[in-house]
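Should a chain be cited, it is by its letter among A, B, C, D, E, F, G and H, assigned in written order, with residues numbered from 1 in that chain.
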Amino acid sequence: ARQGFPEVVLGLGKTRRQIVEIVERLVRRAPNVLVTRTDADTFGEVRNICTEAEWHEAARMIRIWRDRTDRGRGTIAVVTAGTSDIPVAEEAALTAEAMGNRVERIWDVGVAGIHRVLAERERLRGARAIIVAAGMEGALPSVVGGLVRVPVIAVPTSVGYGASFNGLAALLGMLNSCASNVTVVNIDNGFGAGFVASLINRRHDEE
Amino acid sequence: ARQGFPEVVLGLGKTRRQIVEIVERLVRRAPNVLVTRTDADTFGEVRNICTEAEWHEAARMIRIWRDRTDRGRGTIAVVTAGTSDIPVAEEAALTAEAMGNRVERIWDVGVAGIHRVLAERERLRGARAIIVAAGMEGALPSVVGGLVRVPVIAVPTSVGYGASFNGLAALLGMLNSCASNVTVVNIDNGFGAGFVASLINRRHDEE
Amino acid sequence: ARQGFPEVVLGLGKTRRQIVEIVERLVRRAPNVLVTRTDADTFGEVRNICTEAEWHEAARMIRIWRDRTDRGRGTIAVVTAGTSDIPVAEEAALTAEAMGNRVERIWDVGVAGIHRVLAERERLRGARAIIVAAGMEGALPSVVGGLVRVPVIAVPTSVGYGASFNGLAALLGMLNSCASNVTVVNIDNGFGAGFVASLINRRHDEE
Amino acid sequence: ARQGFPEVVLGLGKTRRQIVEIVERLVRRAPNVLVTRTDADTFGEVRNICTEAEWHEAARMIRIWRDRTDRGRGTIAVVTAGTSDIPVAEEAALTAEAMGNRVERIWDVGVAGIHRVLAERERLRGARAIIVAAGMEGALPSVVGGLVRVPVIAVPTSVGYGASFNGLAALLGMLNSCASNVTVVNIDNGFGAGFVASLINRRHDEE
Amino acid sequence: ARQGFPEVVLGLGKTRRQIVEIVERLVRRAPNVLVTRTDADTFGEVRNICTEAEWHEAARMIRIWRDRTDRGRGTIAVVTAGTSDIPVAEEAALTAEAMGNRVERIWDVGVAGIHRVLAERERLRGARAIIVAAGMEGALPSVVGGLVRVPVIAVPTSVGYGASFNGLAALLGMLNSCASNVTVVNIDNGFGAGFVASLINRRHDEE
Amino acid sequence: ARQGFPEVVLGLGKTRRQIVEIVERLVRRAPNVLVTRTDADTFGEVRNICTEAEWHEAARMIRIWRDRTDRGRGTIAVVTAGTSDIPVAEEAALTAEAMGNRVERIWDVGVAGIHRVLAERERLRGARAIIVAAGMEGALPSVVGGLVRVPVIAVPTSVGYGASFNGLAALLGMLNSCASNVTVVNIDNGFGAGFVASLINRRHDEE
Amino acid sequence: ARQGFPEVVLGLGKTRRQIVEIVERLVRRAPNVLVTRTDADTFGEVRNICTEAEWHEAARMIRIWRDRTDRGRGTIAVVTAGTSDIPVAEEAALTAEAMGNRVERIWDVGVAGIHRVLAERERLRGARAIIVAAGMEGALPSVVGGLVRVPVIAVPTSVGYGASFNGLAALLGMLNSCASNVTVVNIDNGFGAGFVASLINRRHDEE
Amino acid sequence: ARQGFPEVVLGLGKTRRQIVEIVERLVRRAPNVLVTRTDADTFGEVRNICTEAEWHEAARMIRIWRDRTDRGRGTIAVVTAGTSDIPVAEEAALTAEAMGNRVERIWDVGVAGIHRVLAERERLRGARAIIVAAGMEGALPSVVGGLVRVPVIAVPTSVGYGASFNGLAALLGMLNSCASNVTVVNIDNGFGAGFVASLINRRHDEE
């Protein structure tokens, strides 16, 4: 593992045994290890190998976070439109922390109550990269993007029903954002958003 | 034609001759007649029949507006996200006027510059029904919906490129709006939005 | 909570504990509270907090309805095409009642037996706003829309199989309605339909 | 050509020369020949070969109709929702006539004015097979299907805009029809509808 | 119930109690009753009401078939491409029988072994209407259509995986059939296919 | 250019000048050069550079075919369902010839007249690789696949209208083929099909 | 069963009893039999009939492999992008072995670590046909295709989440491959890929 | 215009007159102005207003670039898969330059010839942000992403045909990239990619 980059295991589609074996190998050479899209039982076995492992229920992530060096130029803000977007946002936040960033969590500031996001303007303007997780119509990244001059990484979530089509509506909305500073990652890909935000925020001497 | 309802001809898919013949019949019995999705040459012929006909280039609409009775309880606000949404919004506004409403036109207040829509809060709160036309990510109806307590009729427009898929992204965004007072009409259907807003704003004695 | 507006909690994607905590807070300041897309067990806990809570099995809604002031100009008709559309229609009807409206329920008048909807013409014409829930081909709003001069709010339902694509066929049908007074909400969004119909029917002095 | 079956040439994707050569060969052995999806110039050349050829502008069809034997058990009704659906309906009607059927044309009885289709109930009930061409929401076949006890062949048309998606909305609506006697052909496939209706109406001794 | 038409209950989306109550009412006035998309437990309760009820496991249909009058001009052939299409085909066959038709079942003659369908040419040519159920690429109706001169009703089935998209591939294939005598019903709609085939085969004096 | 492989230029999206410059460079080092998706005017300029260039109107291909060594183990059959599929099939055939194969062209044997393809059984069984181009429902590859024991490369064409969705229906049909020896290339990609068939047919000593 | 072709049963959509009966019949006349998409319990019953049956858990395949004659010209390489693609790749590899081929398994060489696939260049260049299974963006076949001069059969897998849409993203990517030697089979269709690769690799005297 | 941010006009959907008027206003207050998606005639009029305006034919962009201060921490690499992706890539490069960045253009290194992109490894590793424009299968960003440790902004282009669906295949591929440092913008949105890359590369003192 290169300095300041965690090892990451995508739990999805791997058996418990496979995950545990991979982690066992990785913890020897890397200070920080993440397992995404996994479950509490797998965590139970991982803790036997590495007692420093943490379990994050909402994000369904195992995190081994031993090297806590600060490597960021500024903070990373992680923002959600609603409560149900928090699991995805947490995946992003936990990833960014493990990569050496200070993270500001700003929950539940969806666009139908515009004063909520406006009230956070200061914290938003203090960040060097912003992650916005939103489902349903996915409008929040455009509003946030218009308030700041730093890159906004939009994460569509599969939150919603009917014509949300499991995140497709939010994804399309974000791709068509009229704010020029918005880029997009896959539906529910909090990890990817946290990773890219960390690269953006990385200090010169860390690159 | 019932009191206060214009006769309406959908020009799309009709020949010039067909349109002129229909209008000729309608102008005899109805004070107000609209022809939507038509062209300037058809207007040329319609004016020969009825000198009061107006041509609205942006909306591509012919309007014969003879009965100008005010039938509304309040005003109708017609709002656009961008300049390119104006043709659709004009179709809505011209329809609403022809049905006896006072119309407030509020152009170019898209969500990436949130101060613009906030600056119009007063005019928006003065309306009894609001029409919002937006393309691309279609986020504006949610923001407007959160600012008022009246019905918001969202009109997705086909403005955009790439993953806007000719208005599909805006349509899906609006259907998933997290504001509870938003309903949606077909892509580019300014006429329908103007019609329903007029029904909502209609005075009791006009019903 | 503004006069005559219930507080509403979308149960979907929230834990039981989260819902109960939110309701506990809301019942103190608002007379009327709705929880949508929830379950009987959550209701069990909510009733411990507020004994006036009602459980509506078909709609899967918890309703606390203490302020029963009539705020409507007329009635709201809620119509279904088939029996399986009733859960969505009930969500709409229960919402409209909680917002101070008298509601006419007209079940099972789908278009393949056109005499059924024609037989209800009088009740339909008595309403000031009409909600139509239909799945499969979603044709009923066009027929109802043609019979009346008030706004029709169409709710596509996910009822059907095969090429209904979980409500997509009905949704597209309704968006393309040839009746000019039809607007559309998200698939299965009975709540949204009930909410907008209430705004339309609201008496002047209530606005 | 088997007794009572026309030879048919699909003009789409063929050069003028190819069409003329094929027709030249067919007119020798078959009394009736149809060329669909063609143009007036091709007709000009075909008439040089066969002076009995007719040009049908709306349907864009060339028809050579020499054997006019009546082969039907009853009539075939061809119905449209709107004026713009007539070209497709004409293709169906001209085909059915060329296959030995008496055809009733019933234009412009779309569902938003339900009295129009009800006024045609007698003619509809007199038919042994019914073709219904409709675009936009494609609701008319369900209504017609509910009024009769014979097969209804639904033809979605590409008439419409926005979320009609060139006939997709109408197609899905028709496939999900709640009337049990409805089957569907491809978008704008008037020919196929006329062909199948003719097979259904065919007299015993003609089979 | 009109002479020779069964009463039909669509089980999907109805509770057991609702189905039993409806059947109880219908068996009094109609000799033949069908319940589609239901289960063995519901059948258990229906048999208590009506001892003549039959349970058809593959089709998941309850059938009460008391009036067995033959009303057909000829036979109806019901054909499948593969073994997995049989449940849908059985729904069609059982319906057609209950409507007074003799049915020929021709299973498992998919196009990749073309000799199998050719071997059935005689039985196919003896039928007056043919139903073809096929999943995956849905090619069989075109081949069958080319072998006969009677209407072919194609039923796409949801059999398949991957790019079959639950029957969509088969549905599109059938709608684009190059055989002119093919019409299509909804994915897995065996009932509808059996119903329309029965109308086509119906003797003159039965109409 | 490796022995027996032509240089290939995809004309699509290149200017005339760009194409001519590339060809000028390629003709020096490669005996055989293909330019696909181009036009007659570009050919005019290419012929100035290389007098051996041929223009193939149907396929819209420029071919410089100087090395005509036979490199195949057997023949390659190229088959079409209809006349309109010939341009795509020709692109495949011309490519296969330029790569050293003998090609059998079998046109117009679509599945609705099954005897036509059966009549070609011998030629089909003589081939070592078969290319099948078909639009609309795309059923022909399954039938051909069932008749032979060699690889069948299916090319969906954009021929059709309505629910063919520019080749999507054919593409899905082919991907779901119930014949195990079918693989698929992009819609209208005759070149790719000819290329792969050539690799399959290539003699040992040519590999 | 023709020389060197296994009998194959697609387990999907068949009951355990149906599968066992079919296998019972096939083992009498064919040395090699495959059952795909089945489960361990079915294997339990099949082993009672035929003790040589093997169970392959990852691929969920039963294989009876008695004739192990080598029939190939060279080897077949089976490649995966990630660990989760192995089940599909194993289905391909087991099929190819049962058809008389030597198989090289090359796991986990996805494109984001390009050195991994480059490190396998020699083994890849030694193969006469290559199968590549990849999910998510499905980019690996293009890279592999560019490294070799033999046919590459791309198998999209349903591995992924969000905008992978169950393999659709990978499928589209592969169909649009800019490498000319790539053809595609259905999502997760390892069997088909193994079958076609075997036909390509088949020795002359085996054809 | 804030320090170092150009004023930008999206030409799409605006009339020539509208564009010229906007530019006239902007050139007074901003040193750098971009007009995207416009044409040469509009440029002709803009040059009358501002003689420093440049016309970029490939990108169809007007650029007024007066403030050429270098504001970047490092270089921005702009990469294309093929020649036809250059127009989109140029839009990105021109934007990045106008925002104060040094740009490395790396054209035509698509994945089917992997050595081409590997040969550019050094230039890629020297960049602080990388933009990759690719059509068809859109695989290049994953490969580039795997070679570097900086953010990669993927721009799907509408280059391709058939199942590329105007850039959809590339878009989906990029969203599903297995490289963690990839984010995505709208199809053909070179401007957005250039803008975000500039924000990432911006020197501390410029923020």
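Basically, contacts are C-beta pairs under 8 Å (C-beta built on N, C-alpha and C of every residue); 3 or more make two chains touch, one makes a residue touch a chain.
Owing to the predicted nature of the structure, the values given are computational and were not obtained by experimental measurement.
Note on connectivity: the fewest steps through touching chains from subunit B to subunit C is 1.
Listed here as common contacts of subunit A and subunit G: H.
Using CA-based centroids throughout, the chain positioned farthest away from subunit A is D. On superposing C-alpha atoms, the copy subunit D sits rotated by 90° relative to subunit F, to the nearest 5. Mean C-alpha positions place subunit C and subunit G at a centre distance of 51 Å.
Taking the mean of the C-alpha atoms as each chain's centre, subunit G and subunit H sit 41 Å apart. Averaged C-alpha coordinates give centres for subunit D and subunit E that are 26 Å from one another.
We define each chain's centre as the mean of its Cα atoms; on that basis subunit B and subunit E are separated by 47 Å. Among the residues of subunit H, those in touch with two or more other chains are 162-164, 168, 171, 175-176, 180, 186-187.
Under the contact rule stated at the top, the pairs of chains that touch are A-B, A-C, A-G, A-H, B-C, B-D, B-H, C-D, C-E, D-E, D-F, E-F, E-G, F-G, F-H, G-H.
Touching subunit C in their complex are the following residues of subunit A: 83-84, 159, 161-164. If you check the complex, the residues on subunit E that touch subunit D are 2, 5, 8, 73, 128, 149-151, 153, 171, 175-176, 180-187, 191-192, 195-196, 199-200, 204, 207.
Residues 81-82, 110-114, 118, 136-139, 142-143, 145-147, 160, 162-165, 168-170, 172-180 of subunit C are the ones touching subunit D in the complex.
Interface residues of subunit H, counted against subunit B in their complex, comprise 12-14, 18, 37, 156, 158, 167-168, 171, 186-189.
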